[in-house]
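First chain A sits with chain B, and in the next complex the same chain sits with chain C.
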Partner chain A sequence: MAWWRAGAAAVAGMALLVLVIWWGMDGTAALRMGAMGALLVSAYSSQARAQRKGQSPALWLLLGLFPPTQLFLGSLPGRPAGDRLDRHERWATLLSAILVLGAATWTVLTFVDYTHRTSPITYDFDWGLFFSTRYDATTGTTLHYGRMLLSGLRVTIAISCISAAVALVLGTLVGVARLVPIPPLRLLAAAYVEFFRNIPLLVQLFFWYFGLTTVTPLWVNKFLYQYPFEIIAATVGLAIYTSSYIAEVVRAGIQAVPRGHLEAALATGLTGPQALRWVVLPQAFRTVIPPLGSQLLNNLKNSSLVMTIAVADLTWNSQQIQAYSFKGFEPTTAATVLYLAMSLAIAGMVHLVERWSAVPGVRS
Partner chain B sequence: MVGGAGGPVVKRQGTLVRIITWVAWGLLGLGFLRVLLVSATWDWDFVRRSLHVVLENLPLLLVGRFPAGQEPLWGLGGLGLSVLLALVAMVGSFGFGLVAGIARLSARPYLRHPAVLYIEIIRGTPLIMVIFWFYFFLPIVTGRNFSLFTSAVVSLTMFTGAYLAEIVRAGIQAVPAGQREAALATGLTSGQVLRHIVLPQALQIMIPALVSQFIALFKDTSLAFVIGVTELMAMAQAVNNREIYYPFAIYLTVGLLYFIACFALSRLARRLERRLPPGTLMEVPS
Partner chain C sequence: MRHRWGLVGAMVVVAVGFALGSPVPAAADLLQEVLGRGTVRVGLRTANVPFGFFDKKGNHIGFDVDISQAIIRRLSKKFKRPLRMEKVPVDAKTRIAFIIARKIDMAAATMTHTRSRDENIDFTITYFFDGQRMLARKGEFKSLKEFVGHKISTVQGTTSEQNVEKLFRDLGDPNPRILSFQQHPEAFMALKQGKVDGYTTDSTILLGTARGDPGVELVGEFFSDEPYGIGLPENESNWRDELNFALQDILRDGTYKTIYNRWFGPKTLFHMPLTRKLETWP
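And now, the complex of A and B:
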């Protein structure tokens, strides 16, 4: 029985609650904490129940975290059709659902600050913002917001394109290295992929931009600072991050090519690299065009993060315009629409490439 | 020479050749180590101080200024707040994605079209723009102020919800059509078919994709830092601003913290993938 485990979790939750109140929380916070505890207990007991019955624990952990799903489902995953929650399970689920939904509502309501605004906000739209020049008194310059946005667009496109190209080459090399029968190389490639895939891009960008130059020798830094270093760091960071995803895609593509093709190519006398270049990779790339395209799309979307290391890209410039003009809606809408348009354009191009590269009569 | 799914293609080499290969790699590694330790000039004092800075600030990176009574969420910050953000957004986006994914497949246009619009717009927009929308413009639209944590959670939920909706759709479509048709033929209504037949199977197929989406969500919480939520990344920046000279060590530590969490999760995803019943295949259009 897992009841004792659920009980132990409940007692632990109570102890935590007492401790937190001891630290000096008000009643509201304590209530919220209790609700959070209820959610965890619900998830835990649901997972324990699944484990007892030999079902997937992870799925039930998830279902426990979102109790309404359990009530909604007529039959249960991993059980025979028509097998519903029994009476105890139904009551437990209903109780935790009420607790969790109540806690969520309560939390949202307490976070809302009613005191600040009593009258409806009025906002006058000014879409002419982008088509006229404004004199900026603080800097004493004349600004053209439309051109600011376009210069940001240019930087975004440049960074995305260069990093995508670098990532494609790097990713292919690493993806091939993961399958080469040389153990150290394979290990190194796997480490590369796992390391760069599991760290957020933001951390990587900060590492390249702020961290790296504090440990590199002076002559390296002197060389780097001749150029706009933030753009170099952004491009390199993006390229490495995307390449770790592309490596996985390329590996999957190569593994999808039937083994016989490689063996036949080797049997005709091609060397390993030749067989790779002329027989395996062309087929592999044809099958992975759609996932590759979505990685390039992600690359474009991820390029918006470079604003955090002061690259004046589209996102950065839209926020600059807001800072200058106190108009937030227009530049953010414009930037969003531009990103959407670029995403659609990339999706369209990927579709076209897929159609052009298809071998007639062969379904990929 | 590339190994296919079954392992390396090359014939098994002789023992002597293998020993020689490994000895050569070992010598190469030793040479590399020698360059690192002897030839390269290391500022060992700097290394020691970096380590000291990291260890001194580790509690701050892990839980922020946690038992700090009057602050929002009791001063919880750092990795703790990242995990909390991810957890809350995960619960919310799972429910949201489930609803949107089912609506996306609905035959009723007044359900399908809004779902398609929502999914496509969110998936074509960078997360940072979504965060800006909810942080700057939600207060204007609703006339109320929201806390930083709430804005971050709402934007992460809406963002991940769109991707989860696609996963739900792919999962439902991966359930063989015969199941659905047979259930309809027995006289069940379409709602009953969804609840009793399709979703229980689809949820099981979706698990690996769900877990990898939640890994992405956990990594995405680092972006909440741009609006000033004191999660791990913001804490790292705060520490860096105080300790000026050690960004290398600090951001490396933060990277390792994220790596440990995400790598463990991705291993879990791989294990779950292996446990799936054979023949269940799902392709997520990402």
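And now, the complex of A and C:
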């Protein structure tokens, strides 16, 4: 009975082709076509699978039209409990879900009435923007938007990595300081956390860049200005802001270690710092790896604010491209995709660290 | 095997509807649309003294604001329709995108009329002539050549940014160090604090941002021509004609001169004599 499927696929394909030729092909149409295809494939494969497994094809056909539901609905009427989608099915549905949601968003965007007009405004996507050199008629210079974006990416990665490293060290010190039995130190650490955690990052960046140098002596400023001071200020600002959050995470991790462990460590003759280094912190860090990862993600995304103090990071460059090319959606989308990719990379690394550091047989 | 053809059919209908959401080109005439709406949406800068900025009471004022108001009054009189001005804040990066997206009908936003911009939007005739210069702390620099190798501040997304890069390359500096801030006050503050050695943009904006600060001075000659035009959507020739006529009318009846003297007259901080004659058609 496979012939009707092949026939239906052929007819659908022809219909698509006719539609494309009839209405012309622009970026929006292409995306809609892709999404439509994905939708059909998703629905079709979904009902085919249901048939294979002897379940209601109609139900699964419907579910295929709303791919995300398949990710969450493991067991359905007629399906044994725990019979979840396998890896390939998951990826296929996720992909089609993204395409469908993208296309739906796009359709809505296309119909957004920017001008109180009754007719929709289209937007012609020009992804070639990033892959070729553009000549600027006004200044007679050439620009390569793709390279601009990459140079911004480099700055963002550098600032995020350095500030994250500094923040981890600083945050751990402050987090520990909040728990040591020395009241002045504890108070100081608490003040540090509450101060830097509760002031908007934007204000802090302006402080580090514009504010601080009004009180430091002139020779210090002269020395600093030899270097790219805006990048230094941005990195320091980010590091200190993130460290206040990390301090709280570390404190929570330490407090999650049962008090008995510390007492036992001290009872065996370890000194306070030794007990901290060999007994408490190793456990605390394993507990806080996931929330620490979240802070690293925040650190990356917060780095987009450094453009306000003239650091040419990824966001700055995407806006620069917008200013020169008059196209907003492409550079913004490209920057979004790059931020997402970096975030996923960080999340992946954090996950790996979590697995490597796990004690065999112990569930964190 | 049972197949639910009804479902398949419904699915196809949904999918085809999805695909048919095909764009229809905009046909209406912007002039008629504006007159029908009764509001003109004008893109104005927010931190450009003296073109578009907020005074201490929070009023959005400036040369560009007054010119737009005068033009709209003219249009209102000519078409015998009350027209209201809606002030839409824009910055150097959004002004053109807003015009293209038709979020605004015109942008009086210190916008230099350039060929590359003209590929995407249209402009009225030039309503203000300016040129780019360099501002430095008093007594530190004598000529533009001396700035080579020094850090310069300006604002992101402006022609100033491109011009100064070109200037430095022409002066033999392959890697100009230019810091592009988001607004003019920040670029000026960077100069005052010594983080950069020069701050460059169109001369009137330099003077406007400095607001008579005695610690800074203009150095060197003009190094660019910046004819300002009012930006408007591409291919709206009726709308462009009316804006051009209105501009020339306020030039003829002296309204332009009054506005000019209010912002650039001898008694102002930004005194700049009106040297070049604006275009008027007989």
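Heads up, the rule we're going with is that the second predicted complex is superposed on the first by the 238 of 364 C-alpha atoms of A that agree within 3 Å, B and C clash if a C-alpha of one lies under 4 Å from a C-alpha of the other, contacts with A are read in each partner's own complex, and residues count from 1 in each chain.
By definition in this document, a residue touches a chain if its C-beta (ideal position, glycine included) is under 8 Å from a C-beta of that chain, and two chains touch if they have at least 3 such contacts.
Computed from a prediction, not measured in an experiment: that's the story for all the values here.
K.L.:
Thinking of the overlay built on chain A, is A:166 touched by chain B (first), by chain C (second), by both, or by neither?
P.N.:
After superposition on chain A, A:166 lies in contact with neither partner.
K.L.:
Touching A:229, do we find chain B (first), chain C (second), both, or neither?
P.N.:
second
K.L.:
I want to verify the contact counts: of chain B and chain C, which reaches more residues of chain A?
P.N.:
B
K.L.:
Give one of first, second, both or neither to describe whether A:319 is in contact with chain B, with chain C, with both, or with none.
P.N.:
both
K.L.:
Considering only the touch criterion stated at the top, classify A:308 as touching first (chain B), second (chain C), both, or neither.
P.N.:
both
K.L.:
Which partner chains sit in contact with A:262 here, chain B, chain C, both or neither? Use first/second/both/neither.
P.N.:
After superposing on A, A:262 lies in contact with chain B but is clear of chain C.
K.L.:
Is A:137 contacted by the first partner chain B, the second partner chain C, both or neither?
P.N.:
In the superposition, A:137 contacts chain C only.
K.L.:
Output check: A:150 vs chain B and chain C. Expected answer is one of first, second, both, neither. What do you get?
P.N.:
So A:150 meets neither chain B nor chain C here.
K.L.:
Scan A:328 for contacts with chain B and chain C and give back first, second, both or neither.
P.N.:
both
K.L.:
Looking at the overlay, does A:280 come into contact with chain B only (first), chain C only (second), both, or neither?
P.N.:
So A:280 only meets chain B here.
K.L.:
Can you list the residues of chain A that touch chain B in one structure and chain C in the other?
P.N.:
Residues 23, 29, 39, 58, 62, 65, 111, 114, 116-117, 120-121, 210, 214, 307-308, 319, 322, 328, which sit in both footprints.
K.L.:
Tell me, which parts of chain B touch chain A in their complex?
P.N.:
1-6, 8-10, 25, 29, 67, 69, 74, 87, 90-92, 94-95, 98, 121, 123-129, 132-133, 136-137, 139-140, 143-147, 149-150, 192, 195-197, 199-201, 203-204, 207, 210-211, 215, 219-220, 222-223, 225-226, 233, 236-237, 240, 245-252, 254-255, 258-259, 262-263, 266, 268, 272, 275, 285-286
K.L.:
Which of the residues in chain C come into contact with chain A in the complex?
P.N.:
Interface residues on chain C, with respect to chain A: 1-4, 7-8, 11-12, 14-16, 18-28, 33, 37, 92-93, 96-97, 100-103, 114-117, 119-121, 153, 156-159, 162-163, 165-166, 179-182, 186, 189-190, 193-195.
K.L.:
Where on chain A is chain B touching in the complex?
P.N.:
Interface residues on chain A, with respect to chain B: 20, 23-25, 29, 39, 56, 58-59, 62-63, 65-66, 68-69, 72-79, 81-82, 100, 104, 108, 111-114, 116-117, 120-121, 123, 176, 179-181, 184, 194-195, 197-204, 206-207, 210-212, 214-215, 254-255, 257-259, 262-263, 266, 272, 275-276, 280, 290-291, 294, 301-305, 307-308, 315, 319, 322, 328-329, 332, 335-336, 339-340, 343-344.
K.L.:
Using the touch rule from the top, collect the residues of chain A that touch chain C in their complex.
P.N.:
1, 8, 12, 15-16, 19, 23, 26, 28-29, 32-33, 35-36, 39-40, 43, 51, 57-58, 61-62, 65, 103, 107, 110-111, 114-117, 119-122, 136-141, 209-210, 213-214, 221-222, 225, 229-230, 307-310, 312, 316, 319-320, 322-324, 326-328
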